[in-house]
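Chain lettering (A, B, C, D, E and F) follows the sequence in which the chains are written, and residue indices restart at 1 in each chain.
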Amino acid sequence: MTNPRFDTLLITGAAGNLGRELRRGLAPLARKLRLLDRVAVSDLQANEEMVACDLADMDAVIAACEGVDMIVHFGGAPVEKPWQEVLDSSIRGSYHIYEGARKHGVSRVVYASSVHAIGFHQMESHIDARSPHRPDTLYGLSKCFVEDLGSLYWDKFGVESVMVRIFSSFPEPADRRHLWSFLTYNDCVRLVSDALTAPRVGHTVVFGMSDNKVKVTDNRLANHLGYRPQESAEPHRARIEATVPVQDPDAPSTRCLGGAYVDFPHPDDEPSK
Amino acid sequence: MTNPRFDTLLITGAAGNLGRELRRGLAPLARKLRLLDRVAVSDLQANEEMVACDLADMDAVIAACEGVDMIVHFGGAPVEKPWQEVLDSSIRGSYHIYEGARKHGVSRVVYASSVHAIGFHQMESHIDARSPHRPDTLYGLSKCFVEDLGSLYWDKFGVESVMVRIFSSFPEPADRRHLWSFLTYNDCVRLVSDALTAPRVGHTVVFGMSDNKVKVTDNRLANHLGYRPQESAEPHRARIEATVPVQDPDAPSTRCLGGAYVDFPHPDDEPSK
Amino acid sequence: MTNPRFDTLLITGAAGNLGRELRRGLAPLARKLRLLDRVAVSDLQANEEMVACDLADMDAVIAACEGVDMIVHFGGAPVEKPWQEVLDSSIRGSYHIYEGARKHGVSRVVYASSVHAIGFHQMESHIDARSPHRPDTLYGLSKCFVEDLGSLYWDKFGVESVMVRIFSSFPEPADRRHLWSFLTYNDCVRLVSDALTAPRVGHTVVFGMSDNKVKVTDNRLANHLGYRPQESAEPHRARIEATVPVQDPDAPSTRCLGGAYVDFPHPDDEPSK
Amino acid sequence: MTNPRFDTLLITGAAGNLGRELRRGLAPLARKLRLLDRVAVSDLQANEEMVACDLADMDAVIAACEGVDMIVHFGGAPVEKPWQEVLDSSIRGSYHIYEGARKHGVSRVVYASSVHAIGFHQMESHIDARSPHRPDTLYGLSKCFVEDLGSLYWDKFGVESVMVRIFSSFPEPADRRHLWSFLTYNDCVRLVSDALTAPRVGHTVVFGMSDNKVKVTDNRLANHLGYRPQESAEPHRARIEATVPVQDPDAPSTRCLGGAYVDFPHPDDEPSK
Amino acid sequence: MTNPRFDTLLITGAAGNLGRELRRGLAPLARKLRLLDRVAVSDLQANEEMVACDLADMDAVIAACEGVDMIVHFGGAPVEKPWQEVLDSSIRGSYHIYEGARKHGVSRVVYASSVHAIGFHQMESHIDARSPHRPDTLYGLSKCFVEDLGSLYWDKFGVESVMVRIFSSFPEPADRRHLWSFLTYNDCVRLVSDALTAPRVGHTVVFGMSDNKVKVTDNRLANHLGYRPQESAEPHRARIEATVPVQDPDAPSTRCLGGAYVDFPHPDDEPSK
Amino acid sequence: MTNPRFDTLLITGAAGNLGRELRRGLAPLARKLRLLDRVAVSDLQANEEMVACDLADMDAVIAACEGVDMIVHFGGAPVEKPWQEVLDSSIRGSYHIYEGARKHGVSRVVYASSVHAIGFHQMESHIDARSPHRPDTLYGLSKCFVEDLGSLYWDKFGVESVMVRIFSSFPEPADRRHLWSFLTYNDCVRLVSDALTAPRVGHTVVFGMSDNKVKVTDNRLANHLGYRPQESAEPHRARIEATVPVQDPDAPSTRCLGGAYVDFPHPDDEPSK
């Protein structure tokens, strides 16, 4: 199509690894990508504009949503952190994003939720999008909060959301769990793109994984997104099986979807972070 | 196989668009196709015989079922119509078909039911074949009636039925809803063929769609039919996205499976039809 | 309360057995009861007015709905009948009632549906209101039709409905099946009264049974009606067990909810009716 | 029993209306009740000790948990409030409570969650404890957060929780919605008492309502608490029906569990609060 | 009723504690009770006849079924035992009972299954009769076997079964688990009586508990038996709470339905038994 | 990978048809295959060692488990047999296998269960792994027993199991039922291999079928095995349809998953076997 689908997309967390992929992959969808992160990206493109601010800065975040069609919200602490940091970047920061969306008429938010929102569910439960939250960390707890925040803003204020529960998205798989949990960068971009263009999403939860051999969740309730993964972790199987020891099948980190996060100590107990 | 599976198949609505496709596609399955419609088809083939009658004519319809192995019942009003017309062609007409099947020992009926029997269900509900009826028009209401009629004739009189809930089956997709609702003519014929030859169907409900990218129903309860769509609306995506405006995601006609039918006024209120 | 809840209630089938009970039981709820039946009742009360007409008479039925708050629709053939009679009294007649409701702004219909709409389900399945229809007769099939008709009129035209699937409501229980299927007249009136006064019903299906010892359906999806049966068939147990032989547990009429109806022949086959 | 079950129970929100009832009702269960609220109660009893502090004061709250067997956490904003207030009292405050529980080995928390955590679900959905959150306000959103917080602290740190979703608990019912949503003070105390003494609760969600006539939720998944309401709103029906107008059945505030909260504007938009 | 419902009932395990209760409680239902146990009862009544044999004696057991209307099969090892004993008394013995039923046209078997057939399910799962087996001992495993044996004999040979999963049935409750697991002798007899007289049971699984305050299973799928417990463990609560320590809520024996059985060592490992 | 995954795998039933396929297919997974069967295989390979013993010989079977990583338990009677034979080979024999696993620390058992454990379920029920057992023969009953045995040994003793419910695995499909029930030898080996190498299986039930056109079960609860069939019965369709008559769709052997087994007489009744 000659004209892109959107005028302006806002991408938060744009300076991160996934942010770089999203900038590349979503460029064809919009005339302009507005990037938001604490630090400016070093390689700003012609179709991009930068907003450097902290998600905890309510006024700046709300202002950044002006004139935006949809938001790809991948910002906030990407791993387990002490409470104050989780609170500021993920809970308060996401509230600011949704307030920006509400005040500026943004129609949809695609959010980087996480497996850690449901990390204590067991592999063989094959949960679906209606299964209750079972966070495994403060990080996961903040993801639960944002999923519920999006629910409120859809039911009450008409802002649609797709909550992408990313399992493991890295340059390449590194351990045996990744053989089932991996989401390649290309599939991640594909999924976000589908979430932006699906005809109606309301408040949709989707498990973000590639087409891996072993499957541990039931994604049928997100079939209206049209997401079909095209890659898998299989090309990395031989390498991983040759180098990474077999897991104890009854260890919590094998049994539970959240992997090692279920064994993490409380982050506020740690001497330094 | 040298001998066709059936001696005689009766096809109602044989003069319509889908009827023409069925005549072509089902020919290899039977020695003879008996065609029933209000008007004779203009191009009767050697393997065909014509019965020109109205479905509302009980005696003629019952007589047309004599010597028939199975019935492909695609006749009756194909769109929303005033009550009297729905009553005569779809409700009364289908009763005549099932009476014909019962009286003449026809073993199975494959019926063109419709998305409009469940048109008020929402896209993200991902209903399956056990979800309750939610008709969106008098047309859809008559489809519900025939589905229940088939249930009675199976439980009580041993006549099997496959209720094919056709979503959108036209020469080609024309709007954005068709990108998920489309059933190509080839897939439609494939599905009817599977429904005729499956080893046991009892009273089966199947959603009739091609292998489109976005999926909005759960068809697993019809897996015993063996239907696997081979086509999709994707080849038409670029054209449609370039020419048809994006839908409001919260409009009833986007939200509900029935599309524009959920907004249709009552047909008896319309000045002329 | 000094003022009755409603100004005018329309009761169809008012000259029947249940009609007589409803006239008595619902009198306190309305200033006026409008009675509709083919023949006038012989004992019209001061708070009542009679409309004698056939349900098949569209104009008369629609006119009878003018000025009505809610409709208690208990008219139509009360047992299995030949197709033409079922079609006229139950299918066409009920369409006229719903058209009357739509045209005259009636807010709610309470309908005498029947166990025979789901008569082929088995006792030990413990179905609930979302289980599919499985009619056991043309009579039951027409009940299915009206349930779906009400669904359409709620989703599209805002007319609420309560579908009361009456199991067995007679002066007193007569056989062993009644020990679980019985709905006393008092409980029937109680249920209709609850259906009329519940704060919101949308399209609700409720199984109409008293508080019998053996229970075969799951009524939790109608708990918003507030119906709690106060009577049961137990006072009649000793009499029935002393006089009625034990049933074969695997006979269809024991196994299926519909009882003897599942064994009825086709009504159009019977020599005279 | 001669010895009370517990040595020390901590009650937060002890100066509120429900707090007063809990002090009275739970007294027999513990040797000592430690009361926490922003202001000291005026009528401190011999079996009570007061901790006056703000829930947002992390150190004070954690210290108040020392030596406590179980916590009855009824503090925090009791109605919809601007974001900052919800964040401080309910989100941050409850985090402090759970940290206090974790650090001081408190075995169980009974929390005053709310219908507003699931306020956008519809009455006729008859949701159960596994249904997803659908908050109707920032207030409800904070309740969702605490429910998930308790989930994390159970799965990871072994602190049990009972999340009591209180519907409407006031001195007496005041409107038609209360006829189904009411939880009498006595039943509330009964439910908290059961939650404290049940043999095992893990992370349990229970709907807090009395034995009202109309029921709109399915509480079977909390049957291991042993809660059986003994009162209802029925004694107030005549008064309410005589004085409060009938609700529009399709208004969101009738349809949705959250009542008027679903129509509340965003609290940060209001000129003064 | 003047004539008893049955001519002859066979009761196995008749010399045990529950056997004594059943002899007393079922006497009014049958002209004659045939008692089977390894040793003769000492107080044989006029309406009783004794068959002293081992359940492992196929010929004797089959012969004992002659002329029997229904069987109340409460024999076999009543607690965990080494494999050989479980195999002989419970697995082989029950096979002999079902063969006796099949060969002599016995219409129904009421079997003393056990909570230990599903002992590893957790309390808060609130399982129902369709949940999978999770035996906690060889004893429980043999109960699973007999439940499946009954399923085969119903589906294939038309012998009905009621599998009564008895939780704890003793003269009186002795520990805190019994406060939710107890089945009084009177309720046990009531349940067996209902199971014998229900109009149709097919293959029914029912949880055998009294009306205790805390409930941990969902018995709705057995509502067609008409069982309503009339007693509970509550009269024993004060005594037990005063004398028995509180359980650790996360101990397997608290968490799991099977109680202490889930901690039992393998019976074949024990030095002497 | 240079080193095989396992040191020693034990294969029971190794002399049978499937045993031969497993020896070939699993060879790359282990340094050594220990084969157990009543008779020695004639073509023992360098990587194999033979244990010739009867499964009913407890001491020999337990001894054969020493030093074994995982067991592929395909031994025992492969078709319907008289009770004593089923008892000895399948029930007692499998108990010996699990005792061997427990005593020698074997981590996982992959068991050849069968469709006949659930043979009386109907085709259109589309059961999943949580559906109750419905055995169709003594053979199927013994499969149910072993599935429950594995459940006990997992929950209590930490021995994992995969219960592979094989539908029809032969050199090639022979009748119309095989068109949906067939499991090719290659897919069978593939499935067993996946079951041995999946990261965690706990107690997993999987339906063993190839990727046939008609599907009659729902295998999603075994997706954590990673099994994806690569073959189907389709290449044999033309031959079978040309030579095998169409089945009566309502015959029990068409309707039920178990096929002809549901019609088998009781094996102990047969004159000679």
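We adopt the following convention: a contact is a pair of C-beta atoms (placed from the backbone, for glycine too) under 8 Å apart; a residue touches a chain by one contact, two chains touch by 3 or more.
These figures come from a predicted structure and were not determined experimentally.
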Matching interface for A-B, options B-C, A-F or E-F, criterion over half of contact pairs identical, gives A-F
Whole-Å distance, C-alpha centre of chain A to that of chain D, is 32
For the pair chain C and chain D, the C-alpha centroid-to-centroid distance in angstrom is 41
Contact graph of the chains (line, ring, star, complete, other): other
Listed in rising order, chain F residues that touch chain A in their complex are 1-2, 5, 107-108, 158, 160, 198-202, 204, 220-221, 223-226, 228
Residue positions on chain D within touch of chain C in the complex are 123-124, 126, 176-177, 179-180, 213-216, 218, 238, 241-242, 246-247, 249-250, 254-255
In the complex, chain C touches chain B at residues 83, 87, 91-92, 95, 99, 102, 120, 130-138, 140-141, 144-145, 148-149, 151-152, 155-157, 262, 266, 268
